[in-house]
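Alright, structures below, take your time with them.
Shared between the two complexes below is subunit A, which has subunit B as its partner in the first and subunit C in the second.
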Partner chain A sequence: MIDNIDLIIITIFLAITYATGNSIEKKHFRQLLERESKTKNIPVSSNDEPFEQSEHVQIELLVGSCVIGSDYFKRTLAALKGIFGGKIGAYESLLDRARREAILRMKESAKENCVEIACFRITTTNVQPGMLEAVAYGTAIYKKA
Partner chain B sequence: MDSKKKNSGTKFKAVDLDVSVNVSQSSPIKEFGKLLIGFSFLIAFLFFISGAIVNIIVPLIPPELEAKIWNFDNIENPSLANTPHQARLDRVFAKIPEKTLSKLPNYPYRLIAIKNHTVNALALPGGKIIVFSGLIDLVKSDDELLFVIAHELGHFASRDHLHSLGREFLFSLFKAFLGTMPSLGDQTQMLLAKGYSREQEIEADSWGYQILKDSGGSTSEAINFFELLQKKDGVHGQFDKITNGLMRTHPYPEERALRLKNIEER
Partner chain C sequence: MIITTIQHVPDKKIITHFGIVSGSTVKAKHAGSDFLAGIKNFFGGEISTYTDLLESAREVAVERMIEQADSAGANAIINVRMATSAITAGAAEIYVYGTAVVVE
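Let's look at the complex of A and B:
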């Protein structure tokens, strides 16, 4: 009876996924800011040589990773952008969240007496279309008590 | 937060960052709206380009070749081959004068009655016209049936099936070039295609009206036919008009009746 049911379903889907995706993203960004503030005293550098040059140090490999998925709205927006080109803001925020979450997880996995994280690297991979993983890794430098 | 927290051995002072420079601060809804408009224009452009190409190609295909490609030999339903339904169709078709038929493309026209309660008739590529028994039973006068057949002949006159088929084909070709296209593209194309289909129906109606007139039929029967359809749709038709107007392949019966009345007055 209603032939335009596809169009209605797509519109509803877009509206719902925009609302849910937006609220999840906002919540995540709030959390990120909070947690970043808590861990900001651990310096992270990509230097091969740690700033803390001492014989009384312990080192440990830290790895933090985060897999994040896009929503239907973001995917549709990105697909449209894929035709015309330009900054894909919808994916920028997604990747930003993945990177920051991965770095945070790495930093949070450090023990109490960590003074810095050296040799820091970050990389992203595609898990499947619209879903990606950010992996952050570095060497934690611990001061011996 | 607790920036004064002691962290032994740190030579650096940490600061809070409020915004990430790596995220564009644009409104996704606004962006989406802009893209959607641009995208719809792109699809519309492709749709009309395919229409223009098809308009050049279709006249180059001779009707005989078309009949060879689509022969639909196995479509005949033997149960209605020698029935009053088929006889009525043949009798009505014979009313159309040779002179009128010669104005139409040179198809090997054939009418086939098929047992089905659907009220519909179809023009198949290659010159075959299918009329369902549901429609033959519904129409009261022969002139009404003649109008239906004449309407289908109108589709052959403009070679509408080739036009729609060609557009669909070219559009899928463009789609393949565009690569990953959101399903919204298909939706936009469908809306445009339905609009085009309604135009074709209106065109076929005026052909049908003219052929009915040339065959000496009463043109008011054509208007009666649409009023009959409208009565058959009833309340459901009115509801459909509100929810489904843009998605219909055919205009509303009352609209079509009105158009024919306008032609009659002219």
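Let's look at the complex of A and C:
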């Protein structure tokens, strides 16, 4: 009987976290698309040299970061996948969200007259199991008026 | 202080090199927000308490790097890179480093 109760609780948790995780992710992806279209006019490059080679430029270090957690359903799914091997789609979308959010925050922290972001770098760290941080940083190039 | 990830300062000549300068911080959040983060990590979504924590830690690390460059007499830091590592659950180290230079 006790085994059954455990199983029921786990199933309920899985169902709840599947629903919450999924709706949060969908909402986040919608937001990302919307904000990305707003900031698409700033080109970002990982080149060491900025494309803008004018005489009068100002530079500024920009940093954007985001810590994103997974949910119970995703972790269970990943653990199951880990037994048989293969790609873990649940974590792929998590990494994608963290990186895109970090890049967006970096771009949004730029002032209005930013012409490009050069020497862009991105790193990802596993803060805690199932919780990851993405840091995006680069140099904003401003044209002097 | 000019801080950049580029290997030089655009349109400025580098006069002197001072070598590497760096700053680091280790930060932990109190148990209350760790608990909240645990709940967030169960249902999914962004863990904003940790984002804020790491962001403020990064600011402190950059400040320490700037202090070091200042004491050397530099006026710019080029080729800045950042790294984060999780030491234990709930504590993270931020490391920021770059090359201190004097530009004209």
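The definition used in the following text is that the second predicted complex is superposed on the first by the 142 of 145 C-alpha atoms of A that agree within 3 Å, B and C clash if a C-alpha of one lies under 4 Å from a C-alpha of the other, contacts with A are read in each partner's own complex, and residues count from 1 in each chain.
Throughout what follows, contacts are C-beta pairs under 8 Å (C-beta built on N, C-alpha and C of every residue); 3 or more make two chains touch, one makes a residue touch a chain.
None of the values given here were measured: they were computed from a predicted structure.
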| item | value |
| --- | --- |
| Partners on subunit A (subunit B, subunit C) - clash or fit | fit |
| Touching partner for A:55 - first (subunit B), second (subunit C), both, neither | second |
| First, second, both or neither for A:100, with subunit B first and subunit C second | first |
| Subunit C, subunit A and subunit B - angle at the middle CA centre, rounded to the nearest 10 degrees | 110 |
| Partner chain(s) touched by A:76 [first = subunit B, second = subunit C, both, neither] | first |
| First, second, both or neither for A:43, with subunit B first and subunit C second | first |
| Touching partner for A:68 - first (subunit B), second (subunit C), both, neither | second |
| Closest Cα approach, subunit C to subunit B, once both complexes are overlaid on chain A (Å) | 15 |
| On subunit A, the residue positions that both subunit B and subunit C contact, one per complex | 74 |
| Residues of subunit C touching subunit A in the complex | 2-7, 9-11, 37, 40-48, 50-51, 54-55, 58, 62, 80-86, 89-90, 92 |
| Complex contact set, residues of subunit B against subunit A | 1-3, 5, 7-12, 14-18, 20, 22-24, 26, 28-29, 31-32, 35-36, 38-39, 42, 178-184, 187, 236, 240, 243-244, 246-248 |
| Subunit C-touching residues of subunit A, taken from the complex the two chains share | 16-17, 20-21, 24-25, 28, 48-50, 53, 55-57, 59, 61, 63, 65-72, 74, 101, 118-121, 123, 125-131, 133, 135, 137-139, 141 |
| Subunit B-facing residues of subunit A, complex | 1-4, 6-7, 10, 18, 22, 33-34, 36-38, 40-43, 51-52, 73-74, 76-77, 79-84, 87, 89-90, 92-93, 95-96, 99-100, 113, 115-116, 143 |
